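Structures follow.
Note that chain A is present in both complexes that follow, paired respectively with chain B and with chain C.
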Partner chain A sequence: MERMPAWADVVLIPLISLLLAAILSALVILAIGENPVEAFNLMVEGALMRSAGWGYTLYYATNFIFTGLAVAVAFHARMFNIGGEGQAMLGGLGVALVSLYIPWPHWSLALLGSCVGAALFGAAWAFIPAYLQAKRGSHIVITTIMFNFIAAALLNYVLVSLLKPVGAMDPASANFPAATHLPTFQDMFATAENPLFRGAPANVTFFIALAACLFVWLLIWRTRLGYEIRAQGFSESAAKYAGISPARIIIIAMLISGALAGMMGVNTAQGEAERLVLNSTEGAGFIGIAVALMGRNHPLGVLLAAILFGFLYQGGAELALWTNIPRELIVVIQALVILFTGALDNMVRMPLERIFMALNRKGA
Partner chain B sequence: MDFATLLQVLDSTIRLGTPLLFACLAGLFSERAGIFDIGLEGKMLMSAFFSAAIAFTTGSVWIGLLAGIASSMVLSAIHGLASITFRGNQLISGVAINFLAAGMTVLIAQDWFSQGGRTPSLVGNARFEPVTLPGAEALRDVPLLGPIYYEVISGHTILVYLAFLCVPATWWVLFRTRFGLRLRAVGENPAAVDTAGVSVVGLRYAAVAICGLLCGFAGAYLSTALQAGFVKDMSAGRGYIALAALIFAKWRPWYALFSTMLFGFLQALALRPDLIERAIGVKVQVQLLDAMPYILTVVILAGFVGKAIPPRAGGQPYVKER
Partner chain C sequence: MTEQAPAIELKGISKAFGPVQANKDISIRVMPGTIHGIIGENGAGKSTLMSILYGFYKADRGEIFISGRKTEIPDSQAAIAAGIGMVFQHFKLVENFTVVENVILGAEDGAMLRPSISKARKSLKSLAEEYELNVDPDALIEHLSVGHQQRVEILKALYRQADILILDEPTGVLTPAEADHLFRILDNLRAEGKTIILITHKLREIMEITDTVSVMRRGEMTATVKTAETSPEELAELMVGRKVLLRVDKKPATPGDVVLSVDDLKVTDDKGVHRVKGVSFEIRKGEILGIAGVAGNGQSELMEVLGGIAQGTGTITMNGRTIALAGRDSDGQARRRAGIAHVPEDRQREGLIMDYGAWENVVFGYHLDPKWQSGFLMRNTAIVEEAQGKMERFDVRPPNPKLAAKNFSGGNQQKIVLAREIEQNPDLLLVGQPTRGVDIGAIEFIHQEIIRLRDQGAAVLLVSVELDEIMALSDRIAVMFDGRIMGFRDPAETNERELGLLMAGIEGEVDGDEWQAIDRQLERKEAEEAREAGDA
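Let's look at the complex of A and B:
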């Protein structure tokens, strides 16, 4: 017997978890002597009521879509890719190399090139943990954590010792050539009489992220490979009997995951900073975990959750600007979302299942 | 490298290795009982903040230490609730705890002290002072051993000696007591423990609580002994290095001492890059030294240097047969 209708699993549980996280966050805001309702209004005002606010929200959302999809694809093969952060850092490096050393005639070609560069570098960084998991049985969670730190050290080295222009002080690459400038939403949508998205960093990469959502949906639910990935995720032994090689699926799923995480670098390095800076990822790789958990590993869910987190990020920045609430409030909210939608899932699920079973019995 | 600088480096090895040792032993208890804990980092950070904050407000480092331990154990309780009672994913719970600590510490610090997420500097009794071991002054002039005793072994805070005492204590508890036997059994084969009529849930909660206690010491050491006050994100990945050290030590207490001191040595060297250059004549990048613990751990995990086999039931929630 079905314990719970599908819609409850997909919609109700994440919503209840989100509500619990929101209530706790409100209590936290109360505890530090601020008004949660005012804080929420301020966040909405700053993130959603002006086009520039949306421009920031969607910029952050673009990052989170990539990292969220990365975590989701790995989750489908029942792997926890905690290394999105490191893969995104390397992706940024790929973008920087492609943008700096190839003379691109036009931004559209540069975008293609940097997407390939970011994906290749991200995938390469995911390959080693994937190979070690597939062939040597090293736990992917631990190795990807280690690779985050190794990536940070590597990036630090490359920026300080190799890419930093002579005489520059801060550890960052040179500015990318003007030809690689990606059109921002302001370039695309603003007109003289209607200055939309002024100064906001959202750029054409957002549409690449939307395409990535579609790609992941097609891949997971409409291709043979996606079927194999999901089969492996449901039951490795069953997949093995069906002739699916676990090692192959682990490596391929992680390569795709790493490539997606890496492509975040296009948005941050080429789309926003137009150079590679030391801390360009700003923890977005980890937010991908929350996004994937909330979005139930479905691209549509990931998209919505990413926009929600984009809103939280931009709203949090506004809060830090106008009130005494530091930006770290967002980290707390993020932690609560991960806790409730991920780790304490059963706490919400068990009582709900009981309610639905009781309802079913009455109905029958 | 001359003798005096060597002693200096060894001295900072012990100072930097101590928080790793506490956290590593914390992880050892938890993981031996089958509860993966990547939340060591968060628990350390939380404890670092609360011990500094309470030590500052009360003026007593000991009350601060207790507060730090309490805060770390609260996070442990959350981890236990998620991974034991509600049988959630232990890794995800650990990630959540790390973020919770990273956010809450700054949020509360800003609210209490308004200094941009740090506590005021601790002075006097609000800090752990170095202890001079008996006879250190008198024996100082004895060749070779005197300076080693004076510079390296003596002159640390009480927590350092506690950390070193924790190593034999952990060994004794895990391998010489009934509780330890059961705790290890619950990490290998919880069903067998359950069949013997011992509570799997109780044992696992006990292990997670000990983990919280030790992480509490680690965090308090960071903010009240190693440094004088809390600063944002001051655990700086030490929880993950401790995790790496735990794998490096193959989940054994004495090996944990060795691996944490090795990683402490690497951190001490990273502070003095000039020394390596002088010693081996080649300039070694600081970043390489920073990354060394992680690289070593990956090599160990890959099974190229001996095989690290985790407790068999690690990471799996225990479901009683229905």
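Let's look at the complex of A and C:
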């Protein structure tokens, strides 16, 4: 009775969507008088053909994995958490406090500590909207988006008035102590004769992100909490019938979601900048929505989609560097990918379903 | 065969939805001035066929003739122009419009409403006299009873000059008295030469009112017979494709100790409306208490409180122990711990997660049982095995535990819920509408399982709007009306008429022209309610 095979749903549809986005992007690049083939080559060259390019691609991907997973977990409980941006900002603050004020003996312990700090701060920031939704019925979309602005203002205040070292000019915290610096891919994989990942920001946090994917998969499909989260997401009335408290599930799912978004701060603050800067999230919280959409809220899908968006980010930066294509156009391309993979899903899905149905009928 | 052309003739209608063949080469002739029944199980294709006739779907193949003329019906406007009117199962009325406003909606004569309204008022008056279709033209729809709302739907069709009237499961929401009145209206319409198609799954209605009846099964028209020349048994067999037991075999009950005792239970809903207004009863071991009543008289809320979904006030004891009616310990989990299993009225909204596989559904509500846990993880393989066993024992088809609940038929979905709840061996089973939307073959099985649980010593509380079902299964019957229990009856010593009156809130005998008296009473009640609503 299935309309089409599962592989078509998870592989074919995103691929066709991507292709359509690519074609449209090519037309746009043509329209401003540049060569789309050259541009595409440049993106691939810059993001995927050199190890340093991969180092950037995976660094961005790490951010998107965390924020994508955050959206995915909340979505399984039918909560649309678009506050990933604010939760990630607060996560960064958690990392900064943990790294600055606790004397860590070794980076591995510091990493553990900052993960906990980031998760706690991110979860705490998600808790208020979650509580308001669960107990007061305030819509989570409205409250989380408002909390993004509050987070930005809060971070501004904290950085300028509290964390900024005396005499410094830019709104950023002091540099984290050397013991908290995380090993980058260069530190881990480069050898004297083979200098891999030179200067690239990808760091050990990427593996934490992979572990988070595994964790989310286990949580959602193998634990009873995941069972209850999905039940609540599919049907609140049925959840109530089964004695599952909707308020409890909403709050727990949002806490996990906020914690995951917050952990992005480990990658940006501790892994890359080694201090907390203003606007370190750079919109990754919003990209997470697209990543989760494209990844069908499955950790594996999120991982692949995050790498794709990492590629777009890094490839886009290369384009801006080497061609006359303005930086804004990169945003256009990213938007096209989001449009086709997320919003216009049905445009590809419906004709494809019809094709498969016709094939089935012929086969039967 | 008469010389007259049939009012409706369908020739070779076929319609497929993807791989599903909803209608297969269907031909049918409906003579003018007759009532033609179409009967079949859920999913047999009745509604699809009527939707084609009313222009909602386009047939893949086949032709439609109206009064002998080949007619294309691309949309419902064309259907209305061809003189076809449809009364849907779920009414399509604007709740806060008056009757007359609803009647002219979409059939206004011009930009100004006043002329249309006065014209409609006049024609409503004559229609009311002609067919016993009395409704106050200025009453708001939301203040009318369901029976009256249905009359408005019929009036809408007649106002649009319909000669052919299609009614889809018209009695599902009516009391027996209202249904009788509806049948009298249909009788009058037939006498005036109107043609009526009645879609139903109730054999009794077919036998009572129709002239001819067509039986549909799995998208095909399996037979068309004269009603006078057939029997309910034959029709049931034609519907299901095998012999069906229409009666439930059961031994007399042997009630034991009191299991559940409810005292002065009151329930108020979210909007502050009192739904249950002080209900008291007891159920004993090995006994089925059936609650009869028209939908919406507090039965659902009663079940929800007992099942831990809603909160209430009063005293409920289960096996001698008081159970909480509000707060943390009143949820579904607490009820299950107290030995109460619950087959909810709406299996699609409550009893099942439609997107979950059958296997995930067989532990739904009992998923916290240590049996299904190992550490942090759920024992999925064990659950799948359990599902396989349950599906085998309850004959769920197809017996594939991985298939999502939404892909099973209504009857098989209900069997999954029943398998889960009954095999918990509860002290008390709450069952709401156990056979709503379930095919006849499965009804038989479900009834037997409920009786078997009773015979094992469980107490059963049955809520159903199907009077037949209440009469067949219950050892005692309570009738609910307007949030109260009107009385208890012994099924052996009562009849449908008496229960029907209680369901309408009328106690004792009614003299003279019975239905008119009932109608007057109902109208008085309605007026009172409307006044109350106005006061509030």
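Observations
By definition in this document, the second predicted complex is superposed on the first by the 363 of 364 C-alpha atoms of A that agree within 3 Å, B and C clash if a C-alpha of one lies under 4 Å from a C-alpha of the other, contacts with A are read in each partner's own complex, and residues count from 1 in each chain.
Simple rule for what comes next: a residue touches a chain if its C-beta (ideal position, glycine included) is under 8 Å from a C-beta of that chain, and two chains touch if they have at least 3 such contacts.
In this text, all values refer to a predicted model and were calculated from it rather than measured experimentally.
Of the two partner chains, chain B is the only one that A:Gly342 touches; chain C does not reach it. Contact with neither chain B nor chain C is seen for A:Phe215 once the two complexes are overlaid on the shared chain. When the shared chain is aligned, chain C comes close enough to touch A:Glu228, but chain B does not.
By the touch criterion stated above, A:Glu328 is placed in contact with chain B alone, chain C being left untouched. Of the two partner chains placed by the overlay, only chain C lies in contact with A:Tyr241; chain B stays clear of it.
Touch criterion met: A:Val141 reaches chain B, while chain C stays clear of it. Chain B makes touch with chain A in their complex at residues 38, 78, 81-83, 86-93, 95-100, 102-104, 106-108, 110-111, 114, 117, 237, 240, 243-244, 247, 285, 287-288, 290-291, 294-295, 297-298, 301-303, 310.
Chain contact summary for the complex, chain A toward chain B: residues 28, 31-33, 80, 82, 128, 132, 136-139, 141-143, 145-147, 149-150, 153-154, 156-157, 160-161, 286, 289, 293, 324-326, 328-336, 338-339, 342-347, 350. On the side of chain A, the complex with chain C involves touching residues 1, 3, 218, 222-224, 227-228, 230-231, 234-235, 237-238, 240-245, 357, 360-361, 364. Those residues of chain C whose C-beta lies close enough to touch chain A in the complex are 18-19, 307-309, 331-336, 342, 344, 346, 349-356, 360, 364-365, 367-368, 372-373, 376-378, 380, 407.
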